[in-house]
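Before any comments, here is the structure.
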Amino acid sequence: MSAMIGGMGMAADTGSHALDEWRLDAQPYYAPAGGEIEQFEAAFHQRTPLLLKGPTGCGKTRLVEHMAWRLGLPLVTVACNEDTTAGDLLGRWLLDADGTRWQDGPLTLAARHGAICYLDEVVEARPDTLVAIHPLSDTRRMLPLDRHGELVHAHPDFMLVVSYNPGGGRLLKTSTRQRFCGLECHYPPPELEAAILMHEAGIDAAQARPLVALGTRTRRLVGNGLDEGASTRMLVRAAQFVAQGMAPRAACQMAIATPLSDAADMQQALAAAIDASF
Amino acid sequence: MSAMIGGMGMAADTGSHALDEWRLDAQPYYAPAGGEIEQFEAAFHQRTPLLLKGPTGCGKTRLVEHMAWRLGLPLVTVACNEDTTAGDLLGRWLLDADGTRWQDGPLTLAARHGAICYLDEVVEARPDTLVAIHPLSDTRRMLPLDRHGELVHAHPDFMLVVSYNPGGGRLLKTSTRQRFCGLECHYPPPELEAAILMHEAGIDAAQARPLVALGTRTRRLVGNGLDEGASTRMLVRAAQFVAQGMAPRAACQMAIATPLSDAADMQQALAAAIDASF
Amino acid sequence: MSAMIGGMGMAADTGSHALDEWRLDAQPYYAPAGGEIEQFEAAFHQRTPLLLKGPTGCGKTRLVEHMAWRLGLPLVTVACNEDTTAGDLLGRWLLDADGTRWQDGPLTLAARHGAICYLDEVVEARPDTLVAIHPLSDTRRMLPLDRHGELVHAHPDFMLVVSYNPGGGRLLKTSTRQRFCGLECHYPPPELEAAILMHEAGIDAAQARPLVALGTRTRRLVGNGLDEGASTRMLVRAAQFVAQGMAPRAACQMAIATPLSDAADMQQALAAAIDASF
Amino acid sequence: MSAMIGGMGMAADTGSHALDEWRLDAQPYYAPAGGEIEQFEAAFHQRTPLLLKGPTGCGKTRLVEHMAWRLGLPLVTVACNEDTTAGDLLGRWLLDADGTRWQDGPLTLAARHGAICYLDEVVEARPDTLVAIHPLSDTRRMLPLDRHGELVHAHPDFMLVVSYNPGGGRLLKTSTRQRFCGLECHYPPPELEAAILMHEAGIDAAQARPLVALGTRTRRLVGNGLDEGASTRMLVRAAQFVAQGMAPRAACQMAIATPLSDAADMQQALAAAIDASF
Amino acid sequence: MSAMIGGMGMAADTGSHALDEWRLDAQPYYAPAGGEIEQFEAAFHQRTPLLLKGPTGCGKTRLVEHMAWRLGLPLVTVACNEDTTAGDLLGRWLLDADGTRWQDGPLTLAARHGAICYLDEVVEARPDTLVAIHPLSDTRRMLPLDRHGELVHAHPDFMLVVSYNPGGGRLLKTSTRQRFCGLECHYPPPELEAAILMHEAGIDAAQARPLVALGTRTRRLVGNGLDEGASTRMLVRAAQFVAQGMAPRAACQMAIATPLSDAADMQQALAAAIDASF
Amino acid sequence: MSAMIGGMGMAADTGSHALDEWRLDAQPYYAPAGGEIEQFEAAFHQRTPLLLKGPTGCGKTRLVEHMAWRLGLPLVTVACNEDTTAGDLLGRWLLDADGTRWQDGPLTLAARHGAICYLDEVVEARPDTLVAIHPLSDTRRMLPLDRHGELVHAHPDFMLVVSYNPGGGRLLKTSTRQRFCGLECHYPPPELEAAILMHEAGIDAAQARPLVALGTRTRRLVGNGLDEGASTRMLVRAAQFVAQGMAPRAACQMAIATPLSDAADMQQALAAAIDASF
């Protein structure tokens, strides 16, 4: 599956249990809105890198967790940020009492032993860091670790999934896009979102309905002073405060309005949306 | 609670007394202005990350100290700045006579052993550094330490609290905000602020009243050449100078006017505010 | 072939099998569109550095793989990015239990032992990093490794090939261009592209034709809101989804339209192009 | 006074003589112009961080030296500059034959063992470096050394003093200002400045008077092409050249006019000021 | 010739064969166009640093190689780029099993043992890096290696030569220029350039003439969309393709037109220039 | 003279011969134009930092060399550039077989053992790097080596001299200027400059006169397309070419005109100046 160049005599970590820690303990709850499960499976079947687009908190991470469970694969997640370098994905040399020791990064770990490698908020990483994944998306599915002097051939079970919010202003490089197939994700439709709140927070339908209505109202404010509306995740938190016994308006203020914006006019608009919903 | 990948055989610091140093010695004085204590407890109950907004020196840090004492938790505080990197929060490898040794950063320390991790002035940190906390705010509450090759599952007692001044010009990323619930903090109302000065500096009500009036006057100058008015902390210092026997105007000049601004016109406005208050 | 300066007594890796890992296992499929195979061979005959220009996914990498197989040479590929430094190409010192050990970079490896060194997306590397290749393109074909204190004379079988997309906005330095001869690569003509889809995905001519037509339509959108049209590689992926049994329109949406653009108007234009093709 | 986290078994330098080198050998000459000595003592009494504002060379450093002598404290001075990082103030790990050894930075040294820590030209440091001092200025007076895994509680004798020139264009962050009380420093009034020249250079009153007049004249040029007028320090140097037997105009040219400006018109204005003074 | 400071007991590499690798194996072919050989010798006689100006590929490097052979000196060449630091020219400490070992950089190597040090494309280096050469160009011909704690006095045979293309937009610092004497280099006149093609590629005069004519035509396009015309080096490559049997137009397309420009209109102009020449 | 903090038991290099290498071998030729020798001696008498202003190549470095010889002091020269950091001036830790070893930088070396430290082209260094010299210019003449944990008290023979070209566009910080006294340096007057050429190149007065005239003509072009005129150093080089037997115009072209400018119109103006001078 991998081989060393130049007979350096240094073995990389190869325990077959290397990814045990990254397996999911329990089946993640996921309520499908369309054909996304079948399409994800078709991409896995071809081992094509997959791009998930959609707003923050709409369920992209949950979909990936669900698919990892369904496909029986470990899930190695990387939260990308501006400081994410190729070295963070590929691995690095660590100094040791016996000299240097190579430590696989999460991408290498997944490619070497077979896992879904999930790069969350991939556009946050510097565009050129992603060039490191290009050889993995070619038909040869190789990962050259120049710093290790090694050429890793990807495990048959390796799959690359990335996600981002297309409304966030940053873009993927054209030459990176061309290497992916893609799925668009959306907030769940109202009935489904209410069902999620009821399942996750243990509230009833009468309690869930105004929360879903508030979510919809905040999403209409996007572009009028708000970057993003309340995510399903935020609604779940408000629902959990309600389930704890907090008054619904206080719960929505704390879980949704206060964190969503610092602007005074936006706070007024959000207060009005809360008033309209309860 | 945590596990190693790839059988490296290097244990992280795991002493159960690891956080003893961060426990508070005595109950911090805190005079609540509204329902903030109950709302903080509701957030802790759900283990939701909590965002405190409010001007410098209005009592955010004191609230967190009070809640740590009340909940019986150690309090690990990080004063964020532009150089705060993910490595500063998560930890790093140190070189040693026996090779490298991993040292947990404050966030890891709190997540591993159970504590409130308080990121003060969180907007000072580069926005992307905060992406490191995203996996901790998901339902799985994991902290991947890529550089240590470890996946930490947060201790049941771990809670994340961040604070910032929304008037300071910097913003949190939208995708970070979505992961928090929030509380707004304000300067205490006059009667309460006077009571605080009397308690903290040992002055009487007649001495406290003009200081509180001066504080209110300086806060009205915000936006007219002053970035922030005198904080409660500054008023406490002036009160302590007065308690030492310094003339109130000299005390206010030294504790409030000189540090608040370098501009000549602002110095005149502050001198006038002092004159009007005594 | 190489020599050490100053009698340092440290040998670089010199195993004659150093490049075995970089040899191709099987003949890569390549359908030539013109005289590119003969021209590549003429450049190799003179050992002139060769520049391949053309859009993403049109087959440049496949041509180089094919030529490496044909000429019986190992192929060392480097995916260039903004962080690609001269050290990444030339090599670096690694710390070891016995002190430091020099590790050849991919360019040095190819120059020392004889291989095609292929710098993919070469304009992504900082222009000045490429200055490191200038001495290799002179008649003396030397590679000074200042950090190793060594002067490598290139192996007779060494050849340098670089590629980039001239539509991508970045340019090569004039003084670098002058050191190369060049070939222009294009998308295959329709009949040839259909044959490629049939060969790579196992679909029939009736299935391939509308996919090729869609590719052509998307390429006409370039400059009208799209940076690049669908590459041959993207069409192959859509063809593979079709071969798996997915409906052609869904396959094209997932393999082509979703990844190509985030803009709403472009998504409509791509949907119309799919409608027109099936 | 300090304690280690996690039982690392590495002791920081704790010699009680650690600060001997920073004690002053002799009482520094200082001629007070107002109540600054008493106000400094009041700030020390409260252990409030103190901000000294005033033009270059007006005597801020001399005041701090005088107060350190008067209060019997060591004085640890840091000349701040743009490269001053938090690590420069707090300390760092040094590599040693026995592994790494922690070395306290000047701020930690002063906080641990009890001294005045004086940050000269504090606005030169990057604003965010100063965030490192925030926890020291809270009531808990702690200094978290994240990199050492240690939480230092400040010594009872520790005091923080910073100085800057408010005319220099750079500002302190608002959230930093709020943590200080402040004193304004000015050039000494003429009679006092003449006395200083006589004391420091051993000239007589007739020699001192025109030098003080020249100083006053150059300070009137500020804002008209000169950033700062001649400091008391510059006048002392001219006085010393005069005491050596140099002609007063040549002494003023060399000690004041040549260094103050490179602009031809300013050199003429300074020459005229010299002519007018002698 | 060199000495250590402070009795550190660490010897730099001093083998008298240190520069053997940098000697030329055979006399480089060079056809002089004017008095440049005598002027180069006069500069060497005075050991004055020499500046060569001229377009890319006009023969500057070949002149330096020729003069090194003629003067019997090793030639140490450095291809400068934006990342060329003073450390790259002077040397650095390497870590070893026995501690650190100093490694001379190419400039130090040449200065210590006696060689021509040739900085090619010197304006690519950051202007201030070149300040490192200033002490070598003074009458004392010293090279302070601050990081080695050593002061190298230049070998009597040391000479510094730099080259750049004055049309490339970057300039040398005025204070650096003042330390050099200079020679201007040009493309060879047509008869001489034809002779060079015949000598280097083995073609006859009839084959060389249209190539030289094409070169002249492309050089007239400079400033009209082309940064530089075809260099003599490019013409030699086209001539070698012709000698291999390639059709002249195809050879010129591959060796000249394709690498010279990516712009469509320039490609047409170059095609027309090829048409006009054959 | 110096002492260690905290009993670290690591001694800095203290050999009394530490500066032998930096002593001058022979008296440097210097022809004074005014009272600069006496003024330099007065500054040394007071140990005041000295600022030399003047155009490139007018003799500033020669003056400093002459004064070092005259005062019997070693001369430690630093050619400043943009990469000159405080660490380059102060010193750094080097890794060794026995751990780390402190190496004094040139400023520390001079301050510890007694020498003139000459910072050439001081404005090239980042302004804030020079803040490191501030404590040395106070009356306590201390040099805090924070990284070494040492406080160096300057040797009685230590003197700091800096130089720069005020026409070069960069300025010293106001707070740095205030710490220096200053001397202005100019090109020598014609008769003196001719005498210098005759002494340095061994030419006669008839040969020297037109060279001096050419120098004067080029200096009149400053501001009209030329940054600086021919320096005395350049005239000496032209004189040496003439002494070697080169024709004067060719010598002036090579030593003066070619290096002074790349602009075509300036080359014509310089050619006319050569024509007018011979």
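Chains here go by letter, A, B, C, D, E and F, matching the order in which they are written, and residues are numbered from 1 within each.
In the analysis below, contacts are C-beta pairs under 8 Å (C-beta built on N, C-alpha and C of every residue); 3 or more make two chains touch, one makes a residue touch a chain.
Chain by chain, the UniProt names read as follows: A, B, C, D, E, F = CbbQ/NirQ/NorQ/GpvN family protein.
Predicted model only: the values in this text are computed from it and were never measured.
Asker: Taking contact as defined at the start, I'd like the list of chains shared as neighbours by subunit A and subunit B.
Answerer: Touching subunit A and subunit B alike: no chains returned.
Asker: Please identify the chain with the largest separation between its CA centroid and the CA centroid of subunit C.
Answerer: D
Asker: Can you grab the rotation angle between subunit C and subunit E? Superpose on CA, round to the nearest 5°.
Answerer: To map subunit C onto subunit E, rotate by about 60 degrees.
Asker: Among the chains, which has its CA centre at the largest distance from subunit A's?
Answerer: Max centre-to-centre separation from subunit A belongs to F.
Asker: For subunit D and subunit E, what's the span in angstrom between their mean Cα positions?
Answerer: 51
Asker: If you average the Cα atoms of subunit B and of subunit D to get two centres, how far apart are those centres in Å?
Answerer: Computed value for the inter-centroid distance: 30 Å.
Asker: Taking the mean of the C-alpha atoms as each chain's centre, how many Å separate subunit A from subunit F?
Answerer: Spacing between the chain centres: roughly 59 Å.
Asker: Could you list the positions in subunit D whose residues touch two or more of the other chains?
Answerer: 95, 98
Asker: Under the touch definition up top, go round the ring from subunit E by way of subunit F and list the chains.
Answerer: E, F, D, B, A, C
Asker: Hey, which residues of subunit A end up touching subunit B in the complex?
Answerer: My answer: residues 13, 15, 17-19, 21-22, 56-57, 61, 77-83, 88, 92, 94-98, 103-106, 109, 120-121, 124, 165, 168, 227-228, 231, 233-234, 237, 240-241, 244, 246, 250, 254-255, 258-260, 262.
Asker: Quick one: which bits of subunit E touch subunit F in the complex? Just the residue numbers, please.
Answerer: Checking each residue of subunit E against subunit F gives 3, 5-8, 35, 39, 42-43, 45-46, 48, 51, 53, 85-86, 93, 95, 98-100, 126-129, 131-132, 134-135, 138, 142, 144, 146-147, 149, 151, 166, 171, 174-175, 177-184.
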